[in-house]
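To start, the structure under review is shown below, and the notes come after it.
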Amino acid sequence: MVGALALTLAACAPANESTGDATGDETTDGGMSLSGELSGGGASTQEVAMEAWRATFQSENPDATVNYDPIGSGGGRENFTSGAFPFAGSDAALDDDEMAAAEAICGEGSVLEYPAYISPIAVAFNLEGVDELNLSPETIAKVFKGDITKWNDKAIAADNEGVDLPDTDITVVHRSDDSGTTENFTSYLNTVVPDVWDFEVEGVWPVEGQESAQGTSGVVNAAEAGDGTITYADASQVAGLGTIAVGVGDDFVPYSAEAAAAVVEQSPRVEGTADTVFVYDLQRDLAGTYPIVLVSYQMACATYEDEATAALVKGFLGHVMSEEGQQEASDQAGSAPISSALIGEIAPEIEAITAG
Amino acid sequence: MNTTISAAEAMQQTKEMLTASGQRRKNVDRMMTVVIWFCFALALAPLVSLLWTVLGNGIGRMSIDFLTLSMRNVFPGDPGGGIYHAIVGTLIITGFAALISVPVGVLTAIYLVEYGRGPLARAVTFFVDVMTGIPSIVAGLFVVALFTLILGPGARIGVMGAVALSVLMIPVVVRSSEEMLKLVPNELREASYALGVPKWLTILRVVLRTSVAGLTTGVLLAVARVIGETAPLLIAVGVTDSFNVNPFDGRMMTLPVFAYREYSQGNAPCREGDLGCVTDIAFQNAWGAALTLIAIVMLLNIVGRLVNRWFAPKLR
Amino acid sequence: MTITDSPPSGEAPPGPRGRVVRRRASGDTERGFSRIFRWIATGAGALILAVLAAVALFLIARGWPAITATPAELADSVPRYPDDTSLVAYVGPLVFGTLLAAVLALLLATPVGMGIALFISHYAPRRLAQGLGYLVDLLAAIPSVIYGLWGFLVLAPVLKPVWFWLGENASWFPLFAGKVSATGKSIATVAVVLAVMVLPIITAVSREVFLQTPKLHEEAALALGATRWEMVRTAVLPFGRSGVISAAMLGLGRALGETMAVLMILSPGFTYSLHLLEAGNHQTIAAYIANDFPEASGLAVNTLIATGLALFVITLAVNMLARWIVARRKEFSGAN
Amino acid sequence: MSKRIDAKDVNIYYGDFRAVESVSMTIEPRSVTAFIGPSGCGKTTFLRTLNRMHEVVPGAHVEGKVELEGVDLYGPDVDPVAVRRTIGMVFQRPNPFPTMSIRDNVLAGVKLNNRRISKSDADELVESSLRGANLWSEVKDRLDKPGSGLSGGQQQRLCIARTIAVRPEVVLMDEPCSALDPISTLAIEDLIQELKKDYTIVIVTHNMQQAARVSDRTAFFNIAGTGKPGKLIEMDDTATIFSSPREKDTEDYVSGRFG
């Protein structure tokens, strides 16, 4: 009875969802189009980009539906390693235990892992009358640690000659949730100024008693709500806030997609992993790059038991890891497109996904 | 006590008696009247502010397209698409949750009020209260664990959400129904027994009939309580941009999850000169979905009240 | 349709067969469908117990690894876990934060909720009363995500000056001491939002109960020369007491378990601080679970579920307390 | 402690509906006045205007004058609360406050009026009121038990005790015995005879024997038909009403020919 009800209701499908079986053969230039449902999930950082990728992919394959649950990186990894998600997104690479679990699902040496979404993390602030500031890594670390408490502190003034700094308290706003953004930001501080930033690198913010908010939009909103706030967030989201040009060597570099993508391009790959695992050891002090970047990985299997799933994963991830796909994400989600050279390395591995 | 006082004196005395009620008591009464009016005004302030915020932010997004299209194939920043899939998903999942919770909840309330004696009844009363304290996310986790046992890992289907919601909804239904059934005077039951009506018919025809107004209010409150749940649906039902009406197969979108998701997407990064891109479209979508959700609940409430008015017996 | 098949009592000899013995109390002569109905109703009650037992078992089973793990193991795999702390000491501040937020919310909401209920039942012009009641019910219809958005974007800026004023002028009072949050993301704001959220629940139940106050008792009070407020105090409030308590308990249940609104408003922290206006001091269990669950794996998940178990236990304790309060007054209860 | 009531051309409305039309009467102090008449004839409505209790019903209002010793109860500076304290009322169904003990029930009205009453004064008042209501000997050992635990007749006498504890001038009784058994009824009737030594008593009753037994004067109300207002047909000494009424309607009613 429920089935019958569902069928009746299915007739009320919205106008933008063409029902493929109505016309029989597809009109898309003779090429075969994929069908079925593919559901993955994980890091919410990739969500906006995913929306773009899915939209294009589903337009090209009207009978296919791709879903992405933004349940967080940990959730993505956990569901991937338990076999619940055929593909997942995560701001952190799989650790050894997780890799072992994933290999138990995918098969020895056939776990695919690669950066799919690179985005600069902006250090953003809300201070009346000030839109841009230069800060050295050391000052950034001291501010976020709570050692510098006023905006007109000497250390800030030294980097910003000629800027009129008010005597406002600095309110640090950090992510309250366990996040890849925090992990990448603290990893940057820990690498560049380890003697100031003497905390372990973790997804959880290490300093206690500060203000915080959940999610990127949460911290951005919180920063907008108070005067004298400073935070760090995915650069695509900080439109209403002032941003900081970060000191690299002797220069101050404002965030940009290109300068962020350069970091991954110039960093070495982590060694001792399978050919299909593209994980990078990010270098934070390369001249001309914007060093605070967020790298979000995708993971999939090289082989799937189910033919339809294999075809869908191959088709969809192939689209993600293409020049068009990366450009799309850059246009729609403000990310840094992955370089052609890197795509050239990764795409063939995705192309090789098979069933069996 | 004595009859010697004159009529004029008596009148004066009476006048004093009738006018001189304690000034302090009068003041207390006036003050409490003010306090109580103030309480009401105090509740209206957030309500008006909330509705105003939701309306002001959401009305701009309202259109036929927004209500009849899904988000399938809609790019970030694209002001197209709509929430049809989420409306349908919310109605189906909440409907199923109510289908599970209302019979179980009302029957339990009947058990407690009409039959409940002894340790089982005491245990049920007590644990129903405890059940109201299950955090919604725990209900979601529980359902995911339960269905993983049955369907294997990775199952995300509408009915899981319905079960999670009914875990949250049942105690509210029981508690409010119990309160309403208790208010049915015993005389009515006895009058019915005295006419030779068996107990079950008495319960159905007399007790439930008398308390139908209160029960409806309780159920509506319970529905309102769960229709806006986000956390359990996010982990149990997942998300989708596409339209799905089958709660036994595939993911479904719901309005609160949609609103939360759009909110957490934040601003869309638009390139300069791209006129087809609206920076804050995700926020607009979130508010639009919130407005729709509130409208749905209002509609349910109105329908419930009309049902009430037509069927409720006139008690006083 | 009578379905009694026993002979009229006039013919039945009060005989030796013990017909009288078989029918116990007069209300219990259940036959046919009445008996089935009783079993259905009882079954529904039992089903609830079964569901609850399943939830509890699930919580215990999945929380067990965290309960039995050593502090070292926990510190190793749970991101926020400090070294050398027992699980109890770790969950303690969360329990404190949960109770603090819920109790504050209830303290704010119960008097106001009762006031609104009285307003609708006894003060408002009759024509308006129903519509006004409906308005308040609407508050319950607003999803918690929206409360989160509103609480943060609209309410917090309104409350911020109030908090700053309190912080400046009333900081001698321990609750208002400390550095006032610059963004308004403090537990005080959360408590106000939670109070608004539980208001409709408290109001709706209290209102129904107040409306059921017997006219007789109200008139008795008035005839004794009571003012309207005195009538309310002598007749309405005592009659509604148990109803109001259970309404408050329902509200407390919601306040204790509320997730999204707290998650979106509060700047969390893990201390036993009483400074309501300070950010980064408190966290509630539900928001903590929702906040950390997405990124948790392994033992961290078990730890989160163990904190969920703690919330469960709190609700248990709170309800025991409420029952005890109600039971103590039972002899004078207005019901029946 | 008793006063005279003069009603002058009283019309009572519920919203637009006129329930009672143009009643004028005088109620003498230290006497029992009975209101009789068929159901719906407005006698209870009229009774409730005598202490402004009808105002509790939304939309109800009164035209005309009700004077207590010459003071209009509906005068501009008269407080309805004070009116109700001066003119007490006993209801059809006994209604002790269920949440209060017997003692607190008796003291309920007094406590409203002045909070501070010494314990010995209170004890004295409880005893005298309960004695006044012929209830003392039955409840003196369980004053702290809830009032709802008493029998119907006892509850009604408790309500009377509660009413007289406020020391009113007039006691209105709205069919006080209709929910009671004959023995309790008799006890109440005896009590009424006692009370009339100190109070002006007005009683509404359906029971004509009761009116004949307890009252000094009787007022007969009647109604012409549904939707029509109730009217005072005639008022006279009880003996006259029951033996030789002036109006035919009255005679028909008291002789049981209708109603």
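The letters A, B, C and D name the chains in turn, as written, and every chain counts its residues from 1.
The rule is short, and it goes like this: contacts are C-beta pairs under 8 Å (C-beta built on N, C-alpha and C of every residue); 3 or more make two chains touch, one makes a residue touch a chain.
Bear in mind that the values here come from a model prediction, so they are computed numbers and not experimental data.
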Point to revise | Relative to subunit C, chain with the most remote C-alpha centre | key: D
Review point. Distance-wise, how many Å sit between the C-alpha centres of subunit B and subunit D, to the nearest whole number?
Key: 46
Review point. When the C-alpha atoms of subunit A and subunit B are each averaged to a single point, how far apart are the two points in Å?
Key: 37
Practice item. State, to the nearest whole Å, the distance from the C-alpha centre of subunit B to the C-alpha centre of subunit C. Key: 14
Review point. For subunit A and subunit C, what's the span in angstrom between their mean Cα positions?
Key: 39
Revision key, fill the gap. Multi-partner residues in subunit B (2 or more other chains touched) are 21, 25-26, 235, 263
Exercise for review: Find every residue in subunit D that makes contact with two or more other chains and list them.
Suggested key: 81-83, 85-86, 112-113
Point to revise | Residue numbers of subunit C (touch at least two other chains) | key: 153, 225, 227, 230, 293
Point to revise | Full enumeration of touching chain pairs | key: A-B, A-C, B-C, B-D, C-D
**Study point:** subunit D-touching residues of subunit C, taken from the complex the two chains share
**Key:** 126, 214, 216-227, 230, 234-235, 238-239, 241, 331-334
Check your understanding: Can you list the subunit A residues touching subunit B in their complex?
Key -> 2-3, 5-6, 9-10, 12-17, 37, 39, 41, 44, 47-49, 51-52, 54-55, 58-59, 65, 67-71, 75, 79, 82-85, 215-218, 220, 236-237, 239, 331-334
Revision key, fill the gap. Subunit D partner, complex, touching residues on subunit B are 1, 7, 10-11, 13-15, 17-22, 25-26
Point to revise | Residues of subunit D touching subunit B in the complex | key: 1, 3, 68-71, 73, 75, 77-79, 81-83, 85-86, 112-114, 169
Point to revise | Touch list for subunit B against partner subunit C, complex | key: 21, 25-26, 28-29, 32-33, 35-40, 42-44, 46-47, 49-51, 53-54, 103-105, 107-108, 110-112, 114-116, 120-121, 123-124, 126-139, 141-142, 145-146, 167, 170-172, 174-176, 179-180, 182-183, 186, 193, 196-200, 203, 214, 217, 220-221, 224-225, 227-231, 235, 255-256, 259-260, 263, 286, 290, 293-294, 297-298, 301, 305, 316
